[in-house]
Amino acid sequence: MISRFFRPIKEGFYGVGRHAAMSISSASAVTITLLIISIFLIFSFNLQQFTKDVEQSVQIAVMIDYAYEEQSQMDKIGIDIGNIEGVNEVKFSSKEDEFQYYLDGFEDEAQKEVFEPFREDNPMHNAYYVSVEDGSNLKVVADQIAQIEGVDSIDYGGESAVVLVNALNSIRTGGGILAGALSLLAIFLIQNTIKLTIFARSDEIAIMRNVGAKNGFIRSPFLIEGIIIGILGSIIPIMLSVFGYIYLYRIMDGVIISKMFVMIPPHPFVLKIGGILLLIGMAVGLVGSFFSVNKYLRWKR
Amino acid sequence: MISRFFRPIKEGFYGVGRHAAMSISSASAVTITLLIISIFLIFSFNLQQFTKDVEQSVQIAVMIDYAYEEQSQMDKIGIDIGNIEGVNEVKFSSKEDEFQYYLDGFEDEAQKEVFEPFREDNPMHNAYYVSVEDGSNLKVVADQIAQIEGVDSIDYGGESAVVLVNALNSIRTGGGILAGALSLLAIFLIQNTIKLTIFARSDEIAIMRNVGAKNGFIRSPFLIEGIIIGILGSIIPIMLSVFGYIYLYRIMDGVIISKMFVMIPPHPFVLKIGGILLLIGMAVGLVGSFFSVNKYLRWKR
Amino acid sequence: MIELIHASKRYPNGVNALNDINLKIDQGEFVYIIGPTGSGKSTLIKLLDGEEIPSSGTVNVVGINVGKLRHSKVPLYRRNIGVVFQDYRLLPRKTVFENIAYALEVIGMRKDMIRLRVRQVMNLVGLDDKGNSFPSELSGGQQQRVAIARAIANKPKVLIADEPTGNLDPAMSDEIMALLQKINREEQTTIVMVTHDLPLVNKHKKRTIVLEEGHIVADLQQGGYVQHD
Amino acid sequence: MIELIHASKRYPNGVNALNDINLKIDQGEFVYIIGPTGSGKSTLIKLLDGEEIPSSGTVNVVGINVGKLRHSKVPLYRRNIGVVFQDYRLLPRKTVFENIAYALEVIGMRKDMIRLRVRQVMNLVGLDDKGNSFPSELSGGQQQRVAIARAIANKPKVLIADEPTGNLDPAMSDEIMALLQKINREEQTTIVMVTHDLPLVNKHKKRTIVLEEGHIVADLQQGGYVQHD
């Protein structure tokens, strides 16, 4: 029973060793395709992160008219805003908070002193800060809010914020499709390489059938071989991704081009990437072997 | 003599046909890697085009002071500008030209009439339009021009133009490196696949040596086989690139996101891409076969 | 035990390798199949092994209609028979020991039993010291003996041997013949042996079936064969 | 023509296949090499063919020191000799015709000449109708005859044959022997033939070299060999 379980594993390792040249070829095909996939993964995840950051950072500032400072009036405005479709979160900020926030903006204590007297005769508005579910309908939501009675003015960064969000979204979609397609191609490529490796051994498979080995018995060591090759092939991409990303993060200081694009911190992100690469490597090795062996099992009777 | 030349070609075609399964595998490895390369090529070329467009469109408008309207003075300014390092082209536009250009900006004839009287008492400046060699030192050049005696004012779109040019430049550099690296990996991958194909036939190579075939005699049909596989493998990527790009160009209306990014027109661009893909396919098939055969030629004595 | 009824084999390229073969071999028999090269001897063996399907007629072995077996059931059937192939068919990346052991692993034999049995058959064919060699490191005759050892390892009910002494010197051929006869006698194994070695056929007289151009031209129960040229 | 001086061959795994072989074969001789399986006969042939390098000593064939040949020069040397390999070594994806033609293409023979010569040798070995078959579609004996045909096609100065009749029936063996003797007689081709077929050796008496465990134990100029068991 135990030997039933261990035989394919032992045989799989033997197989890799005794076909060293072919195993290296297959593993390096895995390595290269995983490298490509890794670049796309890191790019996609970061892009997703950017988009989320940007969408969260663009919020609509709603200033309430001085004539609507009673609690009940303000509450009604808050509820009205919350009822608009597409609104994610509504946060209230009183005119006192706003004033304090304004003061906090100065670094110089002296300058704070200058504005201190205005605290009594506060020129700020009570405000709501509204974030939207989907950055791309920012403008629609903002326009609706502007209609509400008691809203003095709104500010949402205008057209430029909308354009940016839309651009990021379309890059993300396009990039995602591209990454998915390339990953599929890469997987097919590895499968293809493994098929060639097994093709070179179709004679062996036929001989195994000749001496009475059932298909499952023949297949299992090849599957283990495929997994081993997948693991071997993913070592270099994993190392490169992990250390490469950490290095990149360090020299880029965690941002790309400008502070707006904050990179995902390496920990635990690199572990996630490494894990995904390992899983892809193993799965593709397994699946690739499975289909290839099956093909050649039918080659002779 | 003629048979010397045709034998490898005939044998090469036979080889592809008689190892159909392996040939298909190798060719599909070529197909996939060329697809990946193709995407990068199209992306890179377009990016390069954008960057060039943007760099050309950002030019420094230099307005000449009313006090320096004598031809010799203006010539001197022109020469001074031309002497600044990094300046690409300097074009003079007289105040009359400028005025005409201003007038031409109006579509409405009536409005043109309104301004016509000003032609005599022309409020425009004589101007130089300066384009720079490298968009990234736009600001440096502009600052130097501003120092020249007789320059009234300059305009170059300010910081935003510099940021855009810099961003495009760094994307282009990064993308170029990435595309180059991926192409190299892809080429290695094809070579690897071909190696496996030939590995499965190392016995054949040994037998050929057994009956007295010189290495060159053995090698030549394999080289032709490699080229054929390269050509077969590049058919689909070429078709997809050509028709895909034409389609994309049509549905995108020739621009990406905004009018600023004008796509390269499909003709003759797609032919260039197709040619490059075909060349890569053939070259890699040839080189991959060459190294692989050489390796197995030494396998037995 | 083995029965061919109107069995014919025509290869896809049009060669009629066997024509209307009717043949019955009982359990425990030892039968030679002789005939000129290309007369269909190996094809007959491939029909018995299930490697080729008869174009018409029936092939029954140990009660199984071999030509009608499903692809996935063929290996199970093969555990009943041992075959020595004319081209040996050894696994190139396994040692001699592993090659023989593989035929026992497939039937799920225990590891220590396998070790014992492999040593035993390697000794029987005189290859005690070659256990760790790969097939490519063996002489032709040694490879042939590995193939014989593998075929008899799991004590099959039927042993089919395609020229098992083709690459052996006369002394070794005699040893192998003695071994096969012993198996035939002691284990009641049915043996079908293709051979060109007329001195051998005449020395150890057995039922002899003569093939020529795909037809059975003689079935000599008393054995022995005089060449008619 | 062929001269081995103190030639020994030890394989990397430690097997001493040949020990201190001294042997001289003159042009036009026909020599049998016999000996039990595993005695080093094929190894001797591999030394002559340049496939293996002697561990010590010298191997000279047609005036060339075969063991010292550069790798790239080995094929040129091989055009002087024809070899029938024990395992045939036919190109699996070429037809019988193409397999034989290949050995002529490599020496740059004209196409029509090739066609003529290939037909000729196919007829000599009795395979006229198998020109378009692939090796896998041939019987064992037919493959062996293709190997023989290929070896003699370019009329080599030396013909080396490793058990060329191992898979042939006695009648066909006699035919092949007659063919080899004719080549030996008419074209003065030196022939070295490894065989197990003692009846053959005794029927066509030639110089016979007996190998045992890597040593030459007899060199019978008058030929004929009586087995000592």
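Some notes on this structure:
Letters A, B, C and D name the chains as they come in the text, with residue numbers starting at 1 for each one.
Just so we're on the same page, a contact is a pair of C-beta atoms (placed from the backbone, for glycine too) under 8 Å apart; a residue touches a chain by one contact, two chains touch by 3 or more.
From a predicted model like this one, the values you see are computed outputs, not experimental measurements.
Distance from chain C peaks, on a Cα-centroid basis, for B.
Inter-chain centre distance (chain B to chain C, centres taken as mean C-alpha positions): 67 Å. With centres defined as mean CA coordinates, chain D is found 28 Å away from chain C.
One finds 62 Å separating the Cα centroids of chain A and chain C. Multi-chain contact residues of chain B (touching two or more other chains): none found. Under the stated contact rule, the graph of chain-to-chain touches is a ring, a single cycle where every chain has exactly two partners. The list of touching chain pairs reads A-B, A-C, B-D, C-D.
Every residue of chain C that touches chain D in the complex is listed here, in rising order: 11, 13, 15, 34-38, 41-42, 86-87, 133, 137-142, 145, 162-163, 166-172, 196, 198-199, 227, 229. Residues 49-53, 71-72, 74-76, 78-79, 83, 85, 89-93, 102-103, 105-108, 110-111, 150, 154 of chain C touch chain A in their complex.
By the touch criterion given at the top, residues 3-4, 7, 15, 18-19, 203-204, 206-215, 217, 298, 300-301 of chain A touch chain C in their complex. Within the complex, the chain B residues that touch chain A are 21-22, 25-26, 28-29, 32-33, 35-36, 39, 167, 170, 178, 182, 185-186, 188-189, 192-193, 195-197, 199-200, 257-258.
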